[in-house]
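In what follows, structures are represented as structure tokens.
The two complexes that follow have chain A in common; it is paired with chain B in the first and with chain C in the second.
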Partner chain A sequence: MDKRYVRAAVIALMLAGLTLHGGIASAQQKRDTIRIGFVTFLSGPAAGPFGVPARMAAEAVVEQLNAGKAPAPYDTKGFGGTPIELVVIDEAGGTTKQVSEFRNLVSRQNVDYVIGYISSGDCLAIAPVAEEMKKVTVLFDCGTPRVFEEASYKYVFRTRPHATMDAVAAALYLLEQKSGVKSYGGINQNYAWGQDSWHDFDLAMKTLKPDARVTTSQMPKFGSGQYGAEISALIQSGSEVIHSSLWGGDLEAFMMQSVPRGLFRKSQLVLVAGEPYLHRLGANMPDGTIVGARGTHGVFAPDSNLNTWLKTIYKAKAGHDPNYPAYVATLAFLGLKTAFEKAKLEQASSLKPSDDALIATFEGLSFDSPSGRATMSLGKGHQAVMGTAYGTTKLVNGKVTVTNVKHYPAERVTPPNGISSPDWIKGGMKPGK
Partner chain B sequence: MNQFLAIVIDGIIYSSWLFIIAVGLTLIYGVMKILNVAHGSLYALGAYAATAFGGYWLAQGHPPMGSYGMLVLAAVFVGLIAGPLIERGLLRLVYGKEEVVLVLVTYAVFLILEDLTKLAFGVDPLSIPEPYGLLGSFEVGELMYPTYSLVLVVLSLLVAVGLALILNRTRQGKILQAVIHDREMSAAMGINVGRVYLVTFTVGVMLAALGGALTAPTISVQPGIAAEVIVLAFAVVVIGGLGSLGGAALGAVIVGMVRAWAVHKWPEVELFSVYAVMALVLIVRPQGLFAAPEARKI
Partner chain C sequence: MNQTVSIQKRPPAQGTDRTTIVLLAALVVLLVAGPLLPRWAMFMLNVSLSWGTVVLGMLLLMRTGLVSFGQGLYYCLGAYAAGALHHFYGIADIMVMLLASLALAAAVAAVLGLLLAKYRSIFFAMLSLAFSMILFGLLVKTSALGSTDGFGLSAKTLAGITLGERWERYALFATTVVVAFCAAFGVHRYLSSHQGRLAGAIRDNELRVEYMGASVRRVIHVNYVIAASLAGIGGGLVGISIGHVDPEMAFWTTSGEFVFIAILSGTGSVLAPFLGATIFESVRSFAYEYSPNTWQLILGVTMLLVIMFLPGGLWSVFTRRKAA
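This part shows the complex of A and B:
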């Protein structure tokens, strides 16, 4: 090919690139929305129980906020009068893919903020990248306490409490109901969430009830689906209590296989994350099961205008009541909106406040939500704390209900600033401030 | 009841399930030399079809016992639709290419079926628990087992014996063995190799779907089950020797027993145990326990 043509083609491409770049830049300058990247599981096993409900809640909340129809104090349109635009990304694919997706969201999609991440592994991988790229990122569902216990971040926030309280409150509730427990076993998925949940529960039991012995700790593979041998091992272990943080299809399969085998005739079941499955499991949820919702979400949410509002808008979209991923997604949007509007007011900004101003107001912020009041008091003001609740199931007219609900304030179930969860539990779980 | 007996019973039940999910994979490889990565998706399709067929049957108020027929019907339906569609529409076009190309094509089918399943059934978990409890349960010492698990054991034995009889005692089986042995020579002798491939693939798909349909009453059917199953099925057939029916049966028994032992005696290594056995077998016999070593072609 003639060199002149090649040169001309290269120049044309460069010009086209510059024009395109200019176009994008100009579009960014003209953009009159707050663009939020929302990352949640849209495929894989976590999509059905967690990812899709979170997405539906996010979309319903954003529609309401943009229309100015949310109850006070969230009744201003969008974020401070500016409409919100969602860019939804699938969280499936592992941490490497998620880091690339995050970089894409920031560099190519030019999002203003990122709200996302259900998997603890993804949260641990994304937090340092968010810091490096200086992008305000709100973690909305992952539970690992390691995010802010092992590092410190300026740009990263988490608007739901971490998972330590789930295990600690489960042990407290169990011993309030059955103080004479002599043995306990567990079945948890063999990855970070399952291992941490069992580890924290075991530590809490050892602290609160040192004479109780561990019978067996079953750790089936995530997504295993077949639990025949585990159920036999649990029955033969003679455990008085069985702790489980199973969720999604794994929990449903375990219950479908264990109830007909009479596992819970002699053993008290404690389901740390059982609340979202009450309506699905029906008769396969034995009466007297202790269940939690990883916070005051779902059936444990307080009566309030905000809770009624979320239930109404979610039900209109999904056809059923919201579960806890829907509640924690809502928490993240309301937390970011509160910080945004406070910072905007303080800065008298026309469109959006500077990141520094937003971060300054977000740190230590308290805000109301359908799940109650959240306070960003841990992790130097970046990690929310809230109380939690547990209850016991009872089948009424073929429908699973939750009775004997006990609430635990945040300081009773969450370590204070500056101490790691394991150290706090081993040290006797002294209430923090 | 002692722990040993529990390990044996749990191992047998799990082995039966493993055999049913793996036998279609080894059959297709044995005849067609295709490592069908889409096997897991066809298993999932069988499970989804079982929830749809069984759910419809029960919703119409028909006798619940008929739901077992619906599970089998779902597997046959998936086999008859997906089998010829994939074999005639896709695989036929790449026969004779390198094995890696065939693997890539079936991987593409796996990805397509994963998305098609989501499109058709959504991402919410589906279930059809009724058949699992309908037959009641039986007790062995302090342990109670659903009779459904016993049915699964009997069914897997029937599938194994039935396939062995067809392969060794019927004219069609002998034709199949001739094609396995030498495709070109079989064609030269007047065997319609294309039809043998079509029937084999359809039966393989039907067996994968049967595995899914029979598993559906015990699990929550949702996205992701395909990938879990394909890994296990590969482990089973690799231990036994790719393409060997007896190998798949032995592989399933070994994996089932080792896993049951690990769960009861040493739960920390359960995840690792299956793959440790696979690695051990591959070190000693890289071609698997039942497959004959192949002469290297120069």
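This part shows the complex of A and C:
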């Protein structure tokens, strides 16, 4: 018999198997767990500093919640007594794949909720799809204010504040420390985050300190790794202050290359997202560097039972203290849990509350977390606001510590409802009512 | 003056017919089965068929002996053309968007083709790659288009007919199926035409084709524009179905994926790219689900197995091996 028919049949069977499997998965409607899709970078440059810490935090938190071991008010098991089941998906691969995978999570894996997304591009792409598929989705780490400033959603929430406050608070802190700044420059990656971060910082400086002059804005490409030319330009520019939103391997490479060249002997460095690298960089982090954690996470988190709890469970799993992505992942689970349980009080008979009830309680919700209290007050109640903090590094016994920490309340660093971030900064950053 | 290359007559009608029959059957089956499919499967097929359309263009180039590492250029242009119509002008009609995708890709290819048609093998591959990376670089630097974050788009009407929420997805799926069918049928007919058959002749011996009086550059140019148009329309379809466009569509890894699918499929038939794209997307998707940490490894192993055991691509499963 012709071999090709056999081979064709094998391929056909494989395809049928895959389809059938999907069908079976879809058929498993009746479950006794709350299934949460968790999407985070497991590969690529963002996996090491952000994706994997977020995943470890998510797993540690879910284990604790399922065992009912979390401190009050999160001491009920799982979500309202029902255990949580995590379905972890890699965020790598770009928006096309992420939209496909989101659809698969929802209609093939039948997750009840989705928590995820570190990349702002992914968040912008996923939000309308979540809306179309009517699936409650919590964005946990991406920062772009565009998500809720350009559109409004019913099913999409973001439990961390957006990125405008990172740049605004950096400018406020800098000017409190060095009120006589005459010039500033920047080195930021040439992609959306780097461009936005520099743009917002520049706008905030122009508003707060109109006589300060921009010396240079270096925009190396993402992942370039070699910064010789940029460092020369920064040294030559003689900037008093250097703003940078670099992260990951790029930040480490930049520091390794610029510290020996003495760049920071004359220039004050401001690292908007420097917190996850304090321990990794160690002696390569010059004393007196201004660092932020994009919120009151990590070293900026307030002392509380919840914070001690997260540090303990995370350290048991990872061997070191949690960084800000671990904190924002925790924030998302605790926010969803609070909304879920409040909504379930009114519909006690069913396993989970209806989406409409959940959304109604989630909108405008305030809840406690290891990073402090979050309030869902922007974007028609879908976007969290929190205060933020900045500090200055100091090397103590070979370990980087952060001193001189200043906290900024949310209304000082975040635009109120109904005004876009750039307009708000240009308009003088007036606090909303 | 008549060109003297077409000594050989068209292949026996039976061969042509079989592909056409399979194509027609697939068209009918997909259109009818569409509404019955689970939502994830319909979406997966939608993306696969769009990618298949892009790879179909690559098949045409590969038949001509050229491998493009830069189809992402046209894929991205197509998507951005559709996106820009919605983003800046508020036009949300699938037909208009796709026509814009097609027109922009074809126009750019007609110009770039003037240069690229002079190059072969690795030089062609690298130059096409360079052009797509230039577009990537430009888009990344353009904050007005959202830089790396890109922007969203959506289509609400099909040729002026307003679609309800219920039929939106199916209308897009049906459009994709019809576009993929037309593309496959068109390329199939083209490949058995006089000009189309020159492709293989150029791959085998360019010099001889020139001596016989046909213009190699013209054939390559035309094939390049066809391939680009298919990539553009594929990009438009993907952009609309994803609902978001970003510069990653022009990045070399995207073009690399098209090469991956093209090698996986083989160049045996116009049906191969669609089969290859569907299998690629299924393997990738299930790899994401079952081994989120090592899905790249699974794709790599699949590729390795295909190269080792089916050097002619998946399509060689359906063709009788020639007696060695």
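Everything below uses one rule, namely that the second predicted complex is superposed on the first by the 403 of 433 C-alpha atoms of A that agree within 3 Å, B and C clash if a C-alpha of one lies under 4 Å from a C-alpha of the other, contacts with A are read in each partner's own complex, and residues count from 1 in each chain.
Heads up, the rule we're going with is that a contact is a pair of C-beta atoms (placed from the backbone, for glycine too) under 8 Å apart; a residue touches a chain by one contact, two chains touch by 3 or more.
Since the structure is predicted, the reported quantities are computational estimates derived from the model, not experimental observations.
Of the two partner chains, chain C is the only one that A:88 touches; chain B does not reach it. Contact with chain C, but none with chain B, is seen for A:99 once the two complexes are overlaid on the shared chain.
By the touch criterion defined above, A:420 lies against neither chain B nor chain C after alignment on the C-alpha atoms of chain A. A count of residues in chain A touched by chain B and by chain C gives the higher number to C.
Of the two partner chains placed around the shared chain by superposition, neither chain B nor chain C is touched by A:183.
Contact with chain B, but none with chain C, is seen for A:248 once the two complexes are overlaid on the shared chain.
In the superposition on chain A, contact of A:43 is made with both chain B and chain C. Once chain A of one complex is fitted onto chain A of the other, the partner contacts of A:108 are limited to chain C, with no touch recorded for chain B. Legend: residue contacts after superposition of the two complexes on their common chain; A:304 is shown touching neither chain B nor chain C. When the two complexes are laid over each other on chain A, chain A has residues 42-43, 190, 221 in contact with both chain B and chain C.
Of all residues in chain A, those touching chain B in their complex are 42-45, 47-49, 51-52, 190, 216-221, 223-226, 228-230, 232-233, 235-236, 248-249, 252-253, 256-257, 260-262, 280, 284. The residues of chain C lying in touch with chain A in their complex are 38-41, 43-44, 47, 140-141, 143, 146-152, 154, 238, 242-244, 246, 248-249, 251, 254, 278-279, 281-282, 284-286, 288-289, 292-293, 295-296, 314, 317-321.
Against chain A, the residues of chain B that register as touching in their complex are 1, 3, 6-7, 9-11, 13-14, 17, 118, 123-125, 127, 129, 132-133, 137, 142-146, 149, 215, 217-225, 227-228, 259-260, 263-264, 267-268, 270-271.
Touching chain C in their complex are the following residues of chain A: 2-4, 7-8, 11, 15, 18-19, 21-23, 26, 42-43, 88-90, 94-97, 99-101, 103-104, 106-109, 120-121, 124-125, 128-129, 132-133, 144, 146, 151, 190-193, 195, 199, 221-222.
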